[in-house]
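Heads up, there are several structures right after this.
Both of the next two complexes hold chain A, though its partner changes from chain B to chain C.
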Partner chain A sequence: MENMVVKIIQIILSPILALVVGVFFLGLARKIMARIHWRYGPPLIQPVIDMVKLFCQKSVSHGFMFDLGLILSLAGSIVVVLFLPLGGIAPLSGSGGLLVILYIMLFAPLGMALSGGQGANPNISIGISRKLILSLGYEVPLLLVLLAVMTRYKTISIVEVVSAQQSTAWSFISFPLFLSGLSYFLIFPAILGIRPFDTASAPQEISSGPMVEYGGKYLALATIEHAFILFISIALFVNLFLGGAANPVIFFVKMLAVFVLGLCINAVFPRFRIEQAVKYLWKWPTLLAFLGLIINLAMRS
Partner chain B sequence: MSLEILLIIAFGGALLTYLLGKASEKTRDFVAVIISLSMVAFVVCLYGKSPEQTFYSGFLGLDLVLRLNMLSWFFAVTIAVIGALSVIYSLSYIKTREKTDFYFLMMLLVNAAMLGIVLAGDLVSFYIFWEIMSWSAFLLISYNKGSALAAGMKYIIMSIIGSVCFLVGMLSLYVSFDTLNISQIASAMTSASPGHILFILTAFCIAFGIKNAVLPFHTWLPDAHSEAPAPFSAVLSGILIKMGTYGFLLLLYVIVGLKLFLGLGRGLLSFHSILCLLGAVTILIPTFIAMLQNDAKKLLAWSTVGQAGYIILGIAFGTNLALAGGIFHFFNHAMFKALLFFAVGAVEFRAQTRDLDSLGGLAKKMPVCFIATLVGICALIGVPLTSGFVSKWLIYKTLILEGSPFLAFFALAGTWGTILYSYKLVHNVFLGQLPEKYKDIQKSPASMQLPIIVLSLAILLFGILPGIPLKVINTIGTSFGFETLNVTLWGITSETGTLNTINIFSALLVAGIIVWIVFRLGAKSVSVPQEDSYAAGAHTPADKYHYTAEFYNPFYRMIKPFLRDVIDEFYYWIASSVRSLAGNVRRIYSGDVGYYVMYIIFFLAALIFVQMRWKIW
Partner chain C sequence: MANKYSLHAIYFCTGCGIIEVPPVITARWDAERFGVIPVATPRQANLFLITGYVSVKTLRAIIRTYEQMYEPKYTVGFGSCPINGGMYWDSYNTIKHLDKYIPIDGWIAGCMPRPEAIFIAVTHLWTLIDKEMANGYIRYRENYNSYRRNQELALGKLDWPPLFPVSDEPQGNEQ
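What follows is the complex of A and B.
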């Protein structure tokens, strides 16, 4: 019974935690970017101010799927958070492991793509097309990386991956997985969709692509969705390669470190064209990930 | 007795439908539907029974046997259901065409023959039903005339090659074991030498591989699927090619048996790993080719080749999870691919085109088809809460845990490719701008919507409660000698990883409701027409929206050079060189008597020379 109560509290708590951290990251990103650009930058809570404002504004809808896609996408992201271990909190992780996480993570881009598709705007179509190509680009090395991790620890459960690292060492600094971790880090900006891989949104080029028709509460929800995706991508990396954490505080410190490193890359790079992005992703990161998987497999048998 | 009656109704019903069609079309339609529905009822009633009976003895001294077990029941019920739905769907689809009596005859004949195949208890009756199926399928593929004739020809030539291989394997079995009864062969097989087993496996694998469109035998499928009438495309893709799957299961697990099959060869050079690799390649390459297609049905056809790869991979891998995944994926694929062909066919029926570059924006005009396509592609991708997810999860899990991450990589990467082409399908047909010419397009007729709705609901039901089919599949697995899986209504529990779909479902439902409430709390939104969109101050012109055409253009330019269908080109090269060889041989018959006299004299001279030189006679 007590177990049940704890679980319910965790289920309620972890999405809220993810939202707060994600939105904090969004604010922090603007601040850090501004400082790198020698500007002062907006206050940390600027995203919250924006969201409240947007919720009160009038907006346009392009139809049934336009609304539903967005809702579905956000709901999918919330569910992913429930499956991820966040420093000891992992309410639903027993329902299918890493494979399920990988698949529920599909709801977010798919929902956005369906919602955007009904927007009937050329910029959206271009943006979605690029986003899907890019995701195929980074999924190839990412899948190799994840398979290496699962092969190494002989499990498909992310909780067990975390606990195995806590009893030995972080995967990132243990030998055969080091290559995979490096590959993961090289594709990390592509997963987050930040420069040099922001070709899908590309604000100056295709008016933010899939987001162009969103206004008012749609834009607010899309921002929340963005915060969630930011949180999930970083949390997955921390869990798989930086050993997760025993408590949420250390977990968030690790996330922060990864995020700031990513931002520094974002701040100084120009944008890839989509073909260049795919070519890059399928060259060095894939090669590293491939090597990592082969060595892991050889060491296993 | 009951199995005979089943087949008599099936075949007799087909003939009856044809004859009734001469008198009245309404009665014919009615009878066709009644017969195909009664097949469903009949097969469902046979659940759990295992009759076996000889229906004809004395054919070359062999008994022709019909029998039912869990494996054939599972296939039979899928055949009956998809067959019945496609007959219902045909009612309005085919109405305005000519030769409709012939169409219904063939449609029912194909379904009857497929039921015959899964019920056959010996290889002779298997072969007879197999041929009836192949030939009636040929006639249906060519039904549309024009380019369909070429597609049909390609299909039947490859099909005949498969049949010949089947005959060779069958004869070899008969010569060594003196029986063609499947269960008797199975028990005699343990005494066979590895070389003989390999020979038999190869012969039958070519036969079944051609039907199941495994690389490199896939080349007939894309043409045949896209040229056939839509309801038959659904049957073709949903169940007809799965007769190859059934054949593989029968061959690998019943006739040869798991132990002998896994013990053939060693390491990477074993039969088992080559078959797995073929399955994996069959997943990956067609998936990328599917992205390049601009014809909706051709895209689905290539996707069928790719999905068949998952089934083969699952079956060939030979663990109980993989087998369960493979059989479950067969079942899912039958449902979602039939659904997708139905939906695309409904669009084609109204819009008179299936060109992905010219359609668009039909979501508001044909909502049922849109939702169905959405459900279909979600199952195709394997999004959780559709049945496609569970089968793929089973396959991935066993591949990873058994130490074959590269096979798992092929399978997973294939899925991510699937996302690209399935989104293209749904976006280019249903989303984006609605062209002016489709402003007044009608909804599809009710008899076409009914099968679509039924299949969509089934996919969601089995996605949330996968335990229903998994229980049957589990029984099949145990009959092959595997340990039982720990199946619950909503997934699988085991020490190495639990799947619980009901948790995922309730989490998603609650999260969705919460987001929806938040969404409702915000300021109201107004609905605007599609022209009212943001284009950085410029006007978005109506009907000039070409961004759906060549949807993944930057990517095409990268991968197109690598994706020539060399196998198809190779077959065509063989065909054309045989043709030119035959053309040259034909020149011997010049029609001039003088030449013929010369041939005779040369021939006699040669004979005389041989006799003088070697004194043979």
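What follows is the complex of A and C.
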């Protein structure tokens, strides 16, 4: 019974934790980007101010699916958070593991696509098609990387992957998984949609793509969704390759390190065109991930 | 309150004035520390900055952009030309008084103003928002009849439906 109560508390707590950390990361991103540009930058709570303003604004819906798609993608992201172990807090990660995460991670871009389709703006169509092409680009190496991890630890459960790393060494610095880890890090900006892979939401080309019709509370929800995606992809990397953590604080410190590294990439690279992005994603990260998988298979037998 | 410190600006650079905007939003003067960031679409914006002269053709785009923004929204005219025509005071195809067609909350005079003037405008806009004097969007709603009539006088028949219900009876504030 007590176990049940703890689990329910964790289920309520972990999305809130993910949201707070994700929004904090958004604020930090703007501040760090400003410092890299030699600017002073906005206050750290600027995303919160923006969100309060957006929720106060009047907004117009473009139809039933416009609302529902956004909620679908938000719900998908929240469910993924429940399946991720966040440094000891792991409400549902005992059941399902990596395969479930792979399935539910697709909800976020799909919901956005459904919602954007109702917006009926040509910029949205271009943005959505670019986003889906990009996810086609990074899903292939991501799948190979996850296969390599599952092969190495002979399990599909993330909790077991984390505990195996804590008893030995981080898989990022151990030999058979190093290539896979590198490959995940190379596709990491594409999963997040930051530069050099921000073709889907390029403000200068297609007026911020799928977000073009979002304003008011819709934009606020889309920002929250972005914060969740930021959190999920970093947390997945930390869990699979940096050994997770025994308590949430160390976990978030590790996430912060990965995130700042990603931001530096974001700050210095210009944007790929979509076909250049797919060409890149299907060349180096896929090659590395494939090699990593073969090495793991060979070492296993 | 949050409106004050989170002004998402859409810049309508009609001719001149475009060169004053990049230093403001990038490293030289960094508008982001005031919470002012440029956005790409009117849906996300709540500050509309119109720089330089307004021709009859661009007026159409300005009105449509303004009507797509969500309330509360603020408008600032940048430079002499939107105020009273400036050096184009006798031009045949330039709009002389922009505030006949859409409500303006503040003006930045000068030809051209320095980029820092945008910050003076932003801090002044904060004061106006505090005193609830930046009420252009309310004036637009209340006097939509006369605004719409002025727009039709300048542009001929408008090919978009009215934003608010219009009546044929004349209201106050006729131009």
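Simple rule for what comes next: the second predicted complex is superposed on the first by the 301 of 301 C-alpha atoms of A that agree within 3 Å, B and C clash if a C-alpha of one lies under 4 Å from a C-alpha of the other, contacts with A are read in each partner's own complex, and residues count from 1 in each chain.
Going forward, a contact is a pair of C-beta atoms (placed from the backbone, for glycine too) under 8 Å apart; a residue touches a chain by one contact, two chains touch by 3 or more.
Bear in mind the structure is a predicted one, so any value in this text is a computation, not a measurement.
Student: For the combined arrangement obtained by superposing on chain A, do chain B and chain C clash, or do they fit?
Tutor: With chain A as the common anchor, chain B and chain C both fit in the superposed model.
Student: With chain A at the apex, figure out the C-alpha centre angle toward chain B and chain C and round it to a multiple of 10 degrees.
Tutor: Spelled out: centre of chain A as vertex, angle of 110 degrees.
Student: Applying the document's definition of touch, where does A:Pro42 land relative to chain B and chain C: first, second, both, or neither?
Tutor: A:Pro42 sits against chain C, while chain B stays out of touch.
Student: Check whether A:Val100 is in contact with chain B, with chain C, with both or with neither, and answer first, second, both or neither.
Tutor: Touch partner of A:Val100: chain B, not chain C.
Student: Figure out whether A:Gln204 sits in contact with chain B (first) or chain C (second), or with both, or with neither.
Tutor: A:Gln204 contacts chain C only, not chain B.
Student: Touch check for A:Val140: first (chain B), second (chain C), both, or neither?
Tutor: first
Student: Have a look at where A:Val212 lands relative to chain B and chain C in the superposition and call it first, second, both or neither.
Tutor: In the superposed model, A:Val212 contacts both chain B and chain C.
Student: Who does A:Arg30 touch here: chain B (first), chain C (second), both, or neither?
Tutor: In the superposition, A:Arg30 touches chain C alone.
Student: Give one of first, second, both or neither to describe whether A:Ile128 is in contact with chain B, with chain C, with both, or with none.
Tutor: first
Student: Check whether chain B or chain C contacts more residues of chain A in the superposed model.
Tutor: Chain A has more residues touched by B than by the other partner.
Student: For A:Cys56, decide between first (touching chain B), second (touching chain C), both and neither.
Tutor: both
Student: Just how close are chain B and chain C at their nearest CA atoms in the overlay, in Å?
Tutor: Nearest C-alpha pair, chain B versus chain C: 5 Å apart.
Student: Based on the A-chain superposition described above, do chain B and chain C contact any of the same residues on chain A, and if so which?
Tutor: Comparing the two interfaces on chain A, one with chain B and one with chain C, the shared residues are 56-60, 207, 212-213, 216.
Student: Using the touch definition from the top, list the residues of chain A that touch chain B in their complex.
Tutor: Going through chain A, the ones touching chain B are 15, 55-65, 67, 70-72, 74-76, 78-79, 82, 92, 94-97, 99-100, 103-104, 106-107, 110, 113-114, 117-123, 125-126, 128-130, 132-133, 135-136, 139-140, 143-144, 147-148, 150-151, 154-157, 207, 212-213, 216-218, 220-221, 273-275, 278-279, 293, 297, 300-301.
Student: Residues of chain A touching chain C in their complex?
Tutor: 30, 34, 37-43, 46, 49-50, 52-53, 56-60, 203-204, 207-208, 211-216, 219
Student: Which part of chain B faces chain A closely enough to touch in the complex?
Tutor: Against chain A, chain B makes touches at 361, 363-364, 367, 370, 374, 378, 381-384, 389, 393, 396-397, 400-401, 403, 405-406, 408-409, 412-413, 416-417, 419-420, 423, 426-427, 430-434, 491, 496-500, 503-504, 507-508, 511-512, 514-516, 518-519, 521-528, 530, 532-536, 540, 545, 547-548, 551-555, 557-558.
Student: Given the complex with chain A, which residues does chain C contribute to the contact?
Tutor: Contacts found on chain C: 2-3, 5-6, 8, 26-27, 30, 32-33, 35, 37, 39-46, 69-72.
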